[in-house]
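So the structure is just underneath, and the comments pick up after that.
As written, the chains take the letters A, B, C, D, E and F, and residue 1 is the first residue of each chain.
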Amino acid sequence: MSRLQEFEEFRSHINEKILSSDNKSIKRFFALDSEVYRDGALDTKTKEMLGLVASMVLRCDDCVTYHLIRCHEEGVSYDEFFEIFSIALVVGGSIVIPHLRRAVALMDELNSN
Amino acid sequence: MSRLQEFEEFRSHINEKILSSDNKSIKRFFALDSEVYRDGALDTKTKEMLGLVASMVLRCDDCVTYHLIRCHEEGVSYDEFFEIFSIALVVGGSIVIPHLRRAVALMDELNSN
Amino acid sequence: MSRLQEFEEFRSHINEKILSSDNKSIKRFFALDSEVYRDGALDTKTKEMLGLVASMVLRCDDCVTYHLIRCHEEGVSYDEFFEIFSIALVVGGSIVIPHLRRAVALMDELNSN
Amino acid sequence: MSRLQEFEEFRSHINEKILSSDNKSIKRFFALDSEVYRDGALDTKTKEMLGLVASMVLRCDDCVTYHLIRCHEEGVSYDEFFEIFSIALVVGGSIVIPHLRRAVALMDELNSN
Amino acid sequence: MSRLQEFEEFRSHINEKILSSDNKSIKRFFALDSEVYRDGALDTKTKEMLGLVASMVLRCDDCVTYHLIRCHEEGVSYDEFFEIFSIALVVGGSIVIPHLRRAVALMDELNSN
Amino acid sequence: MSRLQEFEEFRSHINEKILSSDNKSIKRFFALDSEVYRDGALDTKTKEMLGLVASMVLRCDDCVTYHLIRCHEEGVSYDEFFEIFSIALVVGGSIVIPHLRRAVALMDELNSN
């Protein structure tokens, strides 16, 4: 099983557990977390790029993985990805580099599928 | 060996190494790190919950693991855990979600022991 | 006008502006931000203390101000406040100290009212 | 002098001092910090929105001020701003709210000019 | 009263309040916070530079102010300061720039005394 | 293959990919990231220690690994390492401890080579 499949499996398995709890606030937060990336004044592609850059500067690998997959689905190109990365790098500094490396490795995995 | 056992083993093995160094400041910090969670004006259960929420919003997986185990020992209930998680989520945002997922997976492991 | 009054005035003035926009996600987030501190499995006092410690380690002055006022209203005592601060300090390190100083100054202002 | 003018004046005065030092690395960093927002595979408007959301989740007020002004110049609309803010809020959590408030206050100042 | 004097006055006034509380853990933390910068295997000048760079990347203005003053007392030169700043900038990214600006303004104030 | 070798291999493999892209800003950032640690007013040993403490308080494991190796090459002694760690711990708090543990484990690996 690839790293990508493991990520997807763990994610959906545990999300199910979380959403089957009785805690309404957490469910509402998860709903909100989908809602803000939907087409509006800005289209989904732009919003997913915003989600990606925010995840990179906050150095959240799982968030980067998720938004990288979504950006890929929305047609973000190789050059566009690297321009997003360059902004993340300049804003967030060299501590972003390890996450950049893992993002580039994931792009390869996505492109080879 | 389970993830929990590995965590405990690595933790105690390396803590020993650290505390056998000559650096007194590090030893004092470690002593302080135990001291602040002891019963006082606030009881240990409340303090461990404070430690857990602080660890979640700072997104420190090992710290979350440690305080989750301690909270479990102090009798924090399933519903109480999810209310702590909901506060961590709202304060710290969606970047807390990956840590929430790992916390929920650990709760399962703790409850199945 | 005291620092406390200025804070309250700016806060309620701008919140009104934000909530009068058409953005439903932001409104839902604000609703969620009130909801998670309500009595549940944990009482409001405990939840406000969780909000306070999370705000301190994340070093958000306005959030500290807000939760400090709420904790004060919920009857958190002087000794309890200092135990919360000691946990924030140990978890978050010396970079928390400037926020601790401003919190202590605010406690004085609250107690002299 | 408005808050906006003070910001601009201090910023350009000190930038001059910094760039008149002999430190070449800092000058190169400043050059890079302009370069990454220029038109490329992504246009400047999109890049400035990326800079804004990154600044908000990292809670850097001066950076938010700078990118908000630039986004305004690039024609980001009121609804677009609020959608950027909603993503920042969900990704970064309630600790982003104080920065959101100051951003909304600044938008008013920009629109009244 | 200059910004520097205000900083010193507020700092010593509130530290006194904090240290006059009964909370021993906080007092121990403050003692530790002095202790780690004392001459040891590394000299105080090096340690204060470590404190300065750590404060800058964590974007804590009061901490930067404190360690900048201490570094100045320990004889850190203009060129050395800018090399510390360049490392902070590259490691921490453009979000460090506002703190760099305030540090440079403070250096001027220190040098004109 | 040891953890150290894996780290080196992945790092150089992906760095090559990144630097073979057409994105000039990222290449410039990587150049800058080497440049700031070169001998200048401060020597490389001091600069690598600055890089290490900054990486620890920002809790970036790969960055800690990199600067720990470089500090080791520059002759940082066991006692000096622990004094750097004690500053990182006091500035950054107990959330630094998991990174301290991994750093100490890596020191052992470096010393046994």
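Here, a contact is a pair of C-beta atoms (placed from the backbone, for glycine too) under 8 Å apart; a residue touches a chain by one contact, two chains touch by 3 or more.
All of these numbers come straight from a predicted model, not from anything done at the bench.
Visitor: Any chance you could name the chains that touch chain B and chain C both?
Guide: Joint contacts, listed by label: A, D, E, F.
Visitor: Taking each chain's centre as the mean of its CA atoms, which one is most distant from chain B?
Guide: That would be chain D.
Visitor: Using the stated contact rule, I'd like to know whether A-C or A-E comes out ahead in C-beta pair count.
Guide: A-E
Visitor: What chain is the most remote from chain A, judged by the mean position of CA atoms in each chain?
Guide: Greatest centre separation from chain A goes to chain E.
Visitor: On a C-alpha centroid basis, what's the spacing between chain D and chain E, in Å?
Guide: Each chain reduced to its C-alpha mean, chain D and chain E end up 26 Å apart.
Visitor: Distance between chain A and chain D based on Cα centroids, please, to the nearest Å.
Guide: 23
Visitor: Please tell me the distance, in whole Å, between the geometric centres of chain D and chain F computed from their C-alpha atoms.
Guide: Using C-alpha averages as centres, the distance is 30 Å.
Visitor: List, in ascending order, every residue of chain D touching at least 2 other chains.
Guide: 25, 29, 32-33, 36, 55, 57-58, 63, 79, 82-83, 86, 89-92, 94-95
Visitor: Assign the assembly's chain-to-chain touch graph to one of these shapes: line, ring, star, complete, other.
Guide: Graph shape here is complete: every pair of chains touches.
Visitor: Tell me, which parts of chain E touch chain F in their complex?
Guide: 29, 32-33, 36-37, 40-42, 46-47, 49-51, 53-55, 57-58, 63, 77, 79-80, 82-84, 86-88, 90-92
Visitor: Report the residues of chain D in contact with chain B in the complex, numbered from low to high.
Guide: Interface residues on the chain D side: 57, 89-96.
Visitor: Across the complex, what residues on chain D touch chain F?
Guide: 25, 28-29, 32, 35-36
Visitor: Going by the contact rule set out above, which residues of chain C touch chain D in the complex?
Guide: Touch list, chain C to chain D: 10-11, 14-15, 17-18, 21-23, 25-26, 29, 33, 55, 58, 60-63.
Visitor: With touch defined as at the start, can you tell me which chain F residues reach chain B in the complex?
Guide: Per the stated touch rule, the residues are 59, 78-79, 82-83, 85-86, 89-90, 94-95, 97-98, 100-101, 104-105, 108.
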